[in-house]
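In the two complexes that follow, subunit A is the common piece, with subunit B as its partner first and subunit C second.
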Partner chain A sequence: MVTTINKGEFKSRNNLIATYLIIGGLVIAAMMVFGILMLLAQGGVLDLPPAAFYQFLTIHGTGMIGGAALAASAVMWYFLSNYVELSKKVFKLNLILSLIGVVMVIIGVFSFKYASAWTFLYPLPALSGGAWGVTGALLYLVGMLILGVGFLLLYIDTGRAIIKKHGSLGKGLGWDVISGKRAEKDAPSPTVVASTMVTIVNVSALTTGATVLIMNIINVVNPAFTFDPLLAKNLTYAFGHIFANSIIYMGVIAVYEILPRYTNRPWKSNRPFLIAWTMSTAFTLVIYTHHMLMDSVMPKWMLIMGQVLSYANGLPVLVITAYGALMIVYKSGVKWDMASGLIFLSMFGWVVGVVPAIVDATIVVNHVMHNTKWVPGHFHMYMGLGAVVMIFGFIYYLSKVDSSLQTNGLDKVGFISYTLGIISVSVGFLISGALSTPRRWATHFPEWMAPAVFGAIGGVLAVVGLTIFIIHFIRYVKVRGTAGSDLNEQKLA
Partner chain B sequence: MKQTGLGIILYGILVIPPVKAYIESIMLLHMLVQLPLLILAGWFIGDMLIKKFHPFFTAWNTDGVPGMILVVFITMYWMLPRALDEAVSIYYIELFKFISLPFVGLFLRDSWKKMQTLGKSFIFLNYLSMFALMAWLYIDSPIQICNNYLETQQKVLGWGFLVITIWMILYLLQAVFTDHSEKAE
Partner chain C sequence: MVQTVAWIVSLIFMLLITAVFGFVAFKSKEKRDYEPIKKKWYKARTFYGATLVVVMLIITIYTLRELPYNQPVYGAGNDPTIVDVEAIQFGWKMSETEFKVGEPIEFHVTSTDVTHGFGIYDSELNLIAQTQAMPDYTNKVYITFDKPGTYDVLCLEYCGLAHHLMIGKIVITE
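Now for the complex of A and B:
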């Protein structure tokens, strides 16, 4: 794949992409430190006041999703801009609004002690029992709203560009190919298909999120205005689940783009691939109810839908992508380096990380496991070893095609350290879940402490690995553009 | 000029005391009929005003953004239950309503065509989430929000907002899933 833009634009685009990735990477690293501190506190090693624990919990969840979403959107933007004409102004605006939002959230959490967790579950923002006041809640909620506005603008722009090039979002998903009106060879590229899916689900999520955030703001300002808590929870999880889930669907674009360049085999959008992505588009929007399987007042059909469609949602795209990755690599003579290794690892993380989620999406299991640390076990594996590793793979890929920087033994140490670290964190959580350890609790019984300490040690290993990745990327930023990006990109294939 | 005349007639009808009193006696009509009609009157009258004061609009509303910001702020104010209540009780708020909303129509007409797709889409989605919130607020509120309107009227208004929200979603779906290839080419 050779880009169609000139070198000046390429350099300017890469500068912006690098800024996104550095901010995303640093935020993720900082959030990992908060994660370790929380595990140490739960493990009885660190004496952390419960109020501080819940502040850390709030910033950890919000920051991880925010930082990863920011970096993943850079991956999507980088590759999608090869196919459609995106606005750099909007991409910059998203970064600025995200930073403003993040600063407000940080001030809300640390200066005004806001600690509702990322879920800001109504009516908790207004009912803190004196733990935080109106200012903290407003800073957090308005900060989230500003973050959302930035991302909404970004996805409006990707939608506009896809419609301009392909005619409609349906065509971006390849519906005309599925229906047989257009030949498979003319199907949109996997990047366009994935970006269309992300655009559809995230515009829906962010619009829903805006509604529930403003509702919370009204309630915080004037608690006399009350709302239906069940509807509020539905909207909150519709927003949160979809937005968090979309990170892996943005990250997977790196898999679709990078592996073909390493193996010199194209990744084609065939009919099963397109059908799988359409299924994921539809199901991602409605399966958030698997977060509400313990809400007995929910309509039963919604809960059954949550279970059945959860199986139907992740699996098609996952199977088709994982199988595709295996096929494209099989006997290809691929050159394994940091980028290709991390991309391949991310497929492992995605596949393995989904298993505990599917187990938990089963209603009878959920009633026992959902409020335990089993669930963080799933999403640390899924995000830490799947989505985020796709981003790190892209970071190494970018430094390879846009500079003459070489990787060294230290990077390999980082790879091993990060992988073992995240596996340990996840296994620690899963074992805690199996021991019925409740999640989101600042204090643990002695019987629950050992896996938490084990997880914290794993967290340290992961931070060491991530720090090595970031150092490599900062070294790249210093020497970027030195090898002539377009030419280098051709050489790789 | 035809449109300007239409706008003036519409505005004239809306200020006739019995018409005004009847519309304002029902919350749904007040919020979802009178207010949009005042905006529509301003839109029609804008036909002549925008042409006449073309240099002013070109200088001060070049890309449509300043005008649209005014539109958003004024309409947001009129979505507040308290604003509606005070318009019935306090004469100068009522006067403000009959002046500000035609201006919304005027600026909307001038700004909408000048704005880019991105801005228009953002404004549309912004109103989509605001109307959804208004539907929720008015349907769900356990208390009487306005002095002048009963709780049952609030709920009817909420359902009205919900219908508008559903229509907006359906419009959005047809806009993004119908083929625009010809336009793009």
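Now for the complex of A and C:
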């Protein structure tokens, strides 16, 4: 592991990583508060004006994905930089552009009342029914574009570094090993494989996102410029689906790196592993059409493929990654602490969240569950209990190897509180979905209120847990470097 | 009802996954050599993976038999009633709103401004069918109501600040 860099560089790298994680963690916590307020409003407990509700909805969706992506990219960068030479300048630039983008989005939403939801479905940004004007729309859309450019630069850099070291992105995915030209023992590490996949899908997603953002921007400035709404929707969901999903594929790098250290069992790339990641790369790029199953004007074959490939996309995680995590932990004598506990929990969260996702990707089910609260039910599960937990598992790991900070009983309370909280939020959403409750509604009929209140209570528990995690992390930041070096990394094994 | 089946199936599989993770966590304290574990569970994985693929294939074939996109085959003299639906911020314009039980209906749904969602709810607030209402395009819903009553049409795609107030009515009589 960290043998190629000296201690000074290690510390400086960790400072930047810590900054990413703190910003990401705080944004996630703040967005959770908006989530609770929305659930309370839907539950009839809080009297929130619709304008405020939809502004919260917009900032919640955008901020959660942005904050989690920022933190997850730090996880990926931290481990990938052990294998390839990444540019710290680009990493810093992404942070700066992200912050500029975030500020613009916040001003657009809260000062100029912009509320298109993160989906900014054309032509809603320009046709708000008088709710917001050109300035708000431009601040949001241009802010998103700047954020996207930052991330695009980051993934271009990871791609450059992988190509420089391994020869091509295909080799980064281990295609030469799959084809038998190279021995399994020389296969790229799981971190490189996952990073290559994320690079490929996110460069595509962000380019797609930038295209539809720019078209929306031109339409807002000059409404005479119009474009095809169905094309716009395809581009929006191709961008949103892939980018949101990439968070978990970046986060899982923490699982590949941390579990072997705790169990003393190697996690190496073999042929099935590499095939699974190639499948994930291909499927993640094309299955966004499961967001369009209720657009019957789409070519029918695309919609059927949306179902079939969504099912297939469950296979790599169910058969390879989750199975691998279970195997590596089973009878391993693993030392459970906050980091290993959260990492194991995150795999559970991912797998369990796949179930309602696959169910909803079934066309006949989607016909009566699309755009109900079933949808946030499944993604709160695999994002809240999967991706975000991977990030916080990594944070506890980092604080362990880079400081002498100890965890205490409070952290365990945080673990339990967060877990129960997110499960309650997700189950509340799923029950709402089963009751046909529409998503993205500022108010609910009385029949639909109870699960929303239940979810809000769960949300409070989750915020309590997350706050404890963040406090631990801030304590780490204050004392970081007190024990950090490659020696400490070895200490775990 | 599809929603109930979806919920029960999801719950069963989620509980199964919980049990598996719980079992592995419970067994994690024991310490054994990894090689025999790998050998045994790699073998098991082949069976597990194959089973999963077969189950998914069966479910895929079963659930793709009848799709909501397919126009039903109408009997002679039983032509459908075509209903033109136009969504507009924030309401529904429908060419007809009263129908009979057993009458085949095709809702041809579009929008004059932004994208909306055309969701039909029965009197117990269960979603029974939907499609997107998108400008420049016409999506279709094929439906035959089998119970009389008042049905609601709710907007299911976020369309602006009064999205949740965009509610229409359909009346079905015997």
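Here is the rule we go by: the second predicted complex is superposed on the first by the 487 of 493 C-alpha atoms of A that agree within 3 Å, B and C clash if a C-alpha of one lies under 4 Å from a C-alpha of the other, contacts with A are read in each partner's own complex, and residues count from 1 in each chain.
Definition applied: contacts are C-beta pairs under 8 Å (C-beta built on N, C-alpha and C of every residue); 3 or more make two chains touch, one makes a residue touch a chain.
None of the values given here were measured: they were computed from a predicted structure.
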item	value
Room on subunit A for both subunit B and subunit C (clash or fit)	fit
Residue contacts on subunit A - larger count, subunit B or subunit C	C
Which of subunit B and subunit C A:Phe225 touches, first, second, both or neither	first
Touched partner set for A:Ile214, first subunit B, second subunit C, both or neither	first
Contacts of A:Val364 with subunit B and subunit C, given as first, second, both or neither	second
Angle at subunit A between subunit B and subunit C, C-alpha centres, nearest 10 degrees	100
Touched partner set for A:Leu315, first subunit B, second subunit C, both or neither	second
First (subunit B), second (subunit C), both or neither touched by A:Gly129	second
First (subunit B), second (subunit C), both or neither touched by A:Asn408	neither
Touching partner for A:Ser12 - first (subunit B), second (subunit C), both, neither	neither
Touching partner for A:Asp295 - first (subunit B), second (subunit C), both, neither	second
Contacts of A:Ser179 with subunit B and subunit C, given as first, second, both or neither	neither
Subunit B and subunit C, minimum CA distance [Å, superposed model]	11
Touching both subunit C and subunit B, counted on subunit A across the two superposed complexes	228
Subunit C residues touching subunit A - in the complex, by the definition given at the top	2-4, 6-7, 9-10, 13-14, 17-18, 20-21, 24-25, 27-32, 34, 37-38, 41, 45, 48-49, 52-53, 56, 59-60, 63-64, 66-69, 89-90, 113-115, 117, 119, 121, 125-132, 134-140, 154-164
Complex interface listing, subunit A residues touching subunit B	87, 90, 152-153, 156-157, 159-160, 163-171, 200, 203, 207-208, 210-211, 214-215, 218, 224-228, 231
Partner subunit C, residues of subunit A touching it in the complex	50-51, 54, 57, 115-117, 119, 121-124, 127-129, 131, 228-230, 233, 265, 294-297, 300, 303-304, 307-308, 311-312, 314-315, 318-319, 323, 326-334, 336, 344, 347-348, 351-352, 355-356, 359-360, 362-365, 367-372, 374, 430-431, 433-436, 438, 440-443, 445, 447-448
In the complex with subunit A, residue positions of subunit B that touch it	117-118, 121-122, 125-126, 128-130, 132-133, 136-137, 140-143, 176-181, 184
